[in-house]
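Mind looking over this structure? Questions follow.
Chain naming follows the written order as A, B, C and D, and within any one chain the residues start at number 1.
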C-alpha cells in the first residue's frame, strides 16, 4: 500500500518535473513545479516526516512558488518568450550532461549502500508518534541546532534587506 | 523499505533540475530548476533521516530557509536586472563580463 | 679600542642593535612630522654606522670563524632560531651597508619630494633587511631577511622612480622572487635532509645543515641550481641581468646606489656563504664550474660592450655592474685565496665606486633632468669640481692602480690565473673595455665644447653633495693605496672558504679520494651556533 | 746591511712625494685661486726641481757605495693576500737612478719652459697640477720595486698623458686624442697584467729582486713560459712606447700642449717600455725568441715611422713619428741584448727630442702669437706657413740644429754614439743569427730617413723665404728667455751627452753592470772585431751625412707653397701623408665592427631582443595570453557559466566515484 502510494507520487513528481523544464511558458513551468512539490510533500509523509511535509506545502509550494509567480506576473513574462529553450546544441549538451549525471548517481546509489548506522525500522516513526510531528523536529532544532537556527534568522534578515535594496527603484 | 526508491527518485529529480538549468535561458525558470534540485536533495535528507535520525529533517528545515532567502534575493536581482535590460534572457545579459 | 668594546659587552648586542636601530628609526620617522623625516633618518643611519664601526675591532681575524654572535629561539618546534654572527666576509658587507646608508639618505634630501616619511621609513626597513641577510646564520632567518629587503626596494623603485617605474619595479620583483622561491624549496629540502641525517634533530641553523645535509649528488645538483638561480639573478649574471638596467634607470638615485652598492652583493655573498659551501661537489664539478666561469667571463665582456653603446648614463653604469660582478663570480669560482679576497674586495669597491657614480649621475640629473649622455658636454667648464670627482670615481671604477678598483680586480685575476689561465686572460681584456665605456662616456659628459644652452648655468657641487662624495673619495683612495688592513681581516675567512670547499671536493684535494669530514661545528646544532664557530 | 741604509736613499720617496704635493697644491689652487700664477709656477717648478735635487743626492750616495744589490725602501704593505705580498716599496739601483735623474732633470727644464709657453692659458694651475702629477707617477714607475708598483706609475702616467693630451678638452679632436691614447695604452696594459699573472704563477712573487733572482733557476731558458712572460710584458711596452701595431696614439697625442709632447711623448713616458725591458732584462735574455720579436718590432717600427715622417707637414707630427722611430731604435737595442745601449739612447734621445719639441714649441708659440695679433686663422704648426724663421729665432734655430745633427747621428754628438752602439750590437748578433743583420739593415735605413726628414723639417721651418704672411711677419721674434734657456741647456746636453758612454770607455755600461749582469749568462758576447767596429761607425756617420746631403740637394724651401695653395699629393707620397691609412683601417676593422656588434647584436639583439623580449617579456606575454584565454571563458554569459559549472560538478563527482563508476561499467558490460 505504502509502496503503491510512493510510486504513484513519485511518478507524478517526475512527470511534473519533466513538464516543468519543458514547458515554454514560465507560468506553466511554475505550476508544474508546484505540482512536483506537492507530490514530494506527500512522499515526505510516507517517509515519516509529516512536519516537513507541512512546511513543504506551506513554505515551498505556498510562499516561495507564489513569489515566483508573482515576479513572473510582475515582469509580464506570462507569454511564451522566444528563445527561452536553447537550440539543438544546447539541448544535446543538456541531455548528455543529464545522462552522465544519471549514470553517476546510479553508480553512487549502487556503490554506497547505507552504512551500519541504520536505526531499527520505525524508530523515527515511533518518535513522531510519541512526541507529535512538531516536537519531534523541534527538540533537535532547539537543542543541538540552536545556534544555527538563530543564525538563520540573521540570514533571513539579510535576505530581506537585500531584496528590498535590490528591488526598490530608489532608496 | 523506501530508502532505495527515494534515492532513485531524488537522483532523477536532481538530474531533471540540472537538465533544466542547462536547457533554459529564462532566469526565473532556471531559478525554479534550482529549487527542483534543492528539493531533490531534501528528499534524500528525509529518506536518510528515517535511517539515521531526525537531524536530516532539521537540515531540510535549514535548506528551506536558505531557499526562501535565496529566492527572495534572487528574484529581487532578476527584477533589478529586468529594469536595466528589459529581459530575463540570460544570454542577453552579460553584466558579469570580465 | 678592543678593551673598550669588551667592557661594554659590545659583541653580545652589536648585531642585534644593528638590526633593531633602523626598525626603531623607521617607527620614529613614521611618528615624526614630515619636515623632520630626513633628518631623523640621517641621524639614525649615522648612529647605525657608528655602532657598526665597532665591528672592525670586535672581529678578530685570529679568532673563530663566526664571531660577534646572537641567539634567540624563535620557532623552536621547527628548529628556527634567531642566529646571527659575522666572519671576515659579512663584516665588510655590513660595514659597506652601514657606510652607504647615511650617504644614500643624505643623497636623497633634495631628490625626494613626495611622501618623504614613507620613503625614509622604507629606507630604514631596507637597512634592517640588508644587514639581516648578511648576518643571518639560520637559513630560515636568511630567507626572511632576503624577502624583507625585497619589498622596500620594490616600493622605492615603484613609487619614487622615473617614467617606467612600474615596469621596472615589477620586473625587479618578479625576477628576484622567482629565484628566491626556488631557493626556499631548496632550503626546505636541505632542512629535512639534515634533520633526518642528524637523527631527527631538525634545525635551520647554517652549521647544522652544513654538517648534516647529505644528499646524492644528483639531488644536490638541483638544489644547487635553485640556490644558484636565486643568487645569479641577484648578482646579476648574464643572462639573468635584464632587470638591472631597467631597475637602475628608473630607481631614484639612492635606490640605485643601494641596489648596486649592496643588493647586488647579496647574490655573490650568497654564493660565498651558501651555494658553494653547501654543495661544493656540484659547484666545483667540472661541468658546473666551467659553465659558471664562462658565464662570468661572458658577463665581464658582454656587460662592458653593451655598456659602451648605452645612450643613458645610468644604464651604462648598470651594465658596468654586470661586468664588475662578473669579476666577483670569477674570483669565487677560481677558488684561490687571492681570487676570493679579490672578489670580496671587488664587492666592496663596486659598492663604493658605482655608488659614487650613481650619486654623481643623480646630481646632474637633479640639475638637468636628463640622464642622456648626449645631453651633456663640456661640464668641466661649468662644474669643474664635479668633473674632477667624476673623473676620479670613473678611474676607480675602471681599476686604475692607486684606486680601490685596481686592487680588487688585480687580485681576482691574479688568483684566477693560477687555476683558470684562459678565463683570466680573457677577463683581463675587460679592463680595456671598461676604459672604453666609462671614459668615453665621461668624455662626452665633461669634455668637449659647452654647446648646449641648458648646461651653461649648471651650479657646481653643493656642500651637502660634498658631504656625500668626500667619504666615498676617501675610501676609494684608502682602499687603493693601503688595503692591507681590510685584506688581513678578510684573509682567514677567504682561506676558510677555500679550504672548506677543497676538503670536500675530492678532485681538488687530490690526496683524499673520499670527501673529508666537513668542518665540525663546535657547538650543538640547535644551540648558539653563531657564537660557537667552527674549528679551522 | 747595504751601505745605503740610513742615508739619503731612505728618503728617495721624497722625489715622488714632492711633485705629488705640488699636484695637490696646484690642484687645489686650480679651484680656489687659478689666478695666482706666480704661486702656481713656483710650486710647479719648485717641486720638480726639488725632486731633481733629491735625485742628485741619491745618485751621489749610490755613486759612493755602488752596491751590487738594489736597495729597496719599503714604505708600507700594499697588497697582502696570502702568498702574494706586494709592498709599496721603492728600489734604488743604478738603472732607477739613471732614470730618476733623466726624468727629473728633463722635467725641470720642461717645467721652466712651460712657465712661458702656458703663460697666458686660463688653465695654468690645472696644467701644472697635471704635469706635477705626471712627474710623480713617472717616478713611481722608475723607482717601483715590484711589478705592481711599477704598474701604478705605468697606468698613472697614462692617465696624466690622457689628461694632458685632452688638456684643451673643448676641442673635440684633442679630447678624443687623449681618450685614444688611454685606450690604446690599456690594450698593452692588459698584456702587462697577464705577464704579471704568469710571473706570479710560476715564481710566486712580483718583487723585482725575487723574480729576477728566481727566474734563472725556476724557469727553463728559452722555454715557453719565460717566452710568454717576456712577450706579454713586451705587449705592455708596445702600447706604452708606441710600437707597431699600437703606435697610432702617439701622433694624435700631439694635440696636447707642446711641452707635454716634449716631456711625456718624447722624453719620459714613452720610453717606459724600454725601461721595462731593461729592468726585466733577465727574463728577456732568457727568452731569445721574445727578444728577437722585440728587436724585430723595434726595427720595423723605426723604419715604418721614419717613412711617414718624410711627408708630414705638421711640425709636431714629424717629431712624433720621429719619436716612434727612435723608440723603435731603443727596442732594437734592448732586443739585441744591449740593454745599456738602449738606456743610453733613451737618455740621449730624451735630451735631443725634448729639445726638438721645445724648439718646435717656441716656434709654434711665436707663430701662434703672430697670428693672434693679426687675427688670422692659419695653422701655426704647418711648416708650409713657416720658413726663414732662423732670422727671427736665432737661438732656437741653432739649438735645434744641434739636436738635428744629434738625432741624425753625426759624430761627435750624443745621438751618434747611442745609435751606433745599438746598430753595432745588432750587427754583432747577426754573426750568430742572420736575422739580426736584417734588423741592422732596417736600423741603418731608418737612420738614413731620419737624417732626411729632420733636415727637411729644419729647412722648411728655419730656412728659405718666410711664408707666414706679410702682416704677421712683424710679430715674429725670439721666444722669451724662460723658454729659450731650457732649449739651450738641452742643446748643450745633446752636444755632450755622448760622453756618458763613449765606446770602450762605456761609463754608463759599467754603471749598469749590476743590473744587467744576471742576463749576461744567457747572451752571447757582443763585442765585434775592432776593424768591423770602426767600419760600422763610419758607415753610420756616412749614412747620416748622406741623408742630410740628400735633403739639401732634393728639397727646395723656396718653392714651397702655403697649405691653401699647395698641390695635392699623389701616389706614394699621398699614402705617406695619410700615414698609410692605418687609423682608418683600425677604425674600419676593429672600432666600427665592435661598436656595431655591441649595439646591434648584443644590446638591441641579444639583450633587448632575445632575453628581454623573448625571455622576460615573452614569459609575461605567455602569462597574459593564458589570462586572455581565461577571460574569454569569462564571457559574462551566465548560461555558459552554468554549463561549465555543471560539467565541472559532474567531473568532480566522476573523480570521486571513479572506482564505483568502473564497477557500474563492468556491471553493464557483463
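The criterion applied here is as follows: a contact is a pair of C-beta atoms (placed from the backbone, for glycine too) under 8 Å apart; a residue touches a chain by one contact, two chains touch by 3 or more.
A quick note: this is a predicted structure, and the numbers were derived from the prediction, not measured.
J.: Could you say which chain's mean Cα position falls nearest to the mean Cα position of the entire protein shown?
T.: Centroid comparison flags C as closest.
J.: With chain centres defined as mean CA positions, report which chain is farthest from subunit B.
T.: Of all the other chains, the one whose centre lies farthest from subunit B is D.
J.: Using CA atom averages as chain centres, what separation in Å is found between subunit A and subunit C?
T.: A distance of 68 Å separates the two centres.
J.: Can you give the whole-Å distance between the Cα centres of subunit A and subunit B?
T.: Here the centre of subunit B sits 7 Å away from the centre of subunit A.
J.: Quick check: how many Å separate the C-alpha centres of subunit B and subunit D?
T.: That gives a centre separation of 93 Å.
J.: Once you find the CA centre of subunit B and the CA centre of subunit C, what distance in Å lies between them?
T.: 63
J.: Give me the residues of subunit D that touch two or more other chains.
T.: Residues 639, 643, 646.
J.: Would you give the residues of subunit C that are in contact with at least 2 other chains, written as numbers and ranges?
T.: Not one residue in subunit C touches at least two other chains.
J.: Taking each residue of subunit A in turn, which ones touch at least two of the other chains?
T.: In subunit A, 86, 93, 97, 101, 106, 108 touch at least two other chains.
J.: For the complex, give me every residue of subunit C touching subunit D.
T.: Contact set of subunit C toward subunit D: 171, 175, 239, 242-243, 302, 305-306, 308-310, 336-338, 341-342, 378, 380-381, 384-385, 388, 395, 400-402, 406-407, 410-411, 413-415, 417-418, 421, 424-425, 428-429, 431-432, 435-436, 439-440, 443, 446-450, 481-484, 487-488, 491, 494-495.
J.: Can you name the residues of subunit A that touch subunit D in the complex?
T.: Of all residues in subunit A, those touching subunit D are 86, 93, 97, 100-101, 103-104, 106-108, 110-112.
J.: Sort out for me which residues of subunit B touch subunit A in the complex.
T.: 1-9, 11-20, 22-26, 28-29, 31-33, 35-36, 39, 42-43, 46-55, 57-58, 60-62, 64-73, 75-80, 82-83, 88-89, 91
J.: Using the touch definition up top, name the residues of subunit D that touch subunit C in the complex.
T.: 27, 30-31, 76-84, 88, 148, 151-152, 154-156, 159, 162, 166, 169-172, 175-176, 179, 182-183, 186-187, 189-190, 193-194, 196-198, 200-201, 594-595, 597-599, 602-603, 607, 611-612, 615-616
J.: Could you list, by residue number, the parts of subunit D that touch subunit B in their complex?
T.: Listed in rising order, the residues are 631, 634-639, 641-643, 646.
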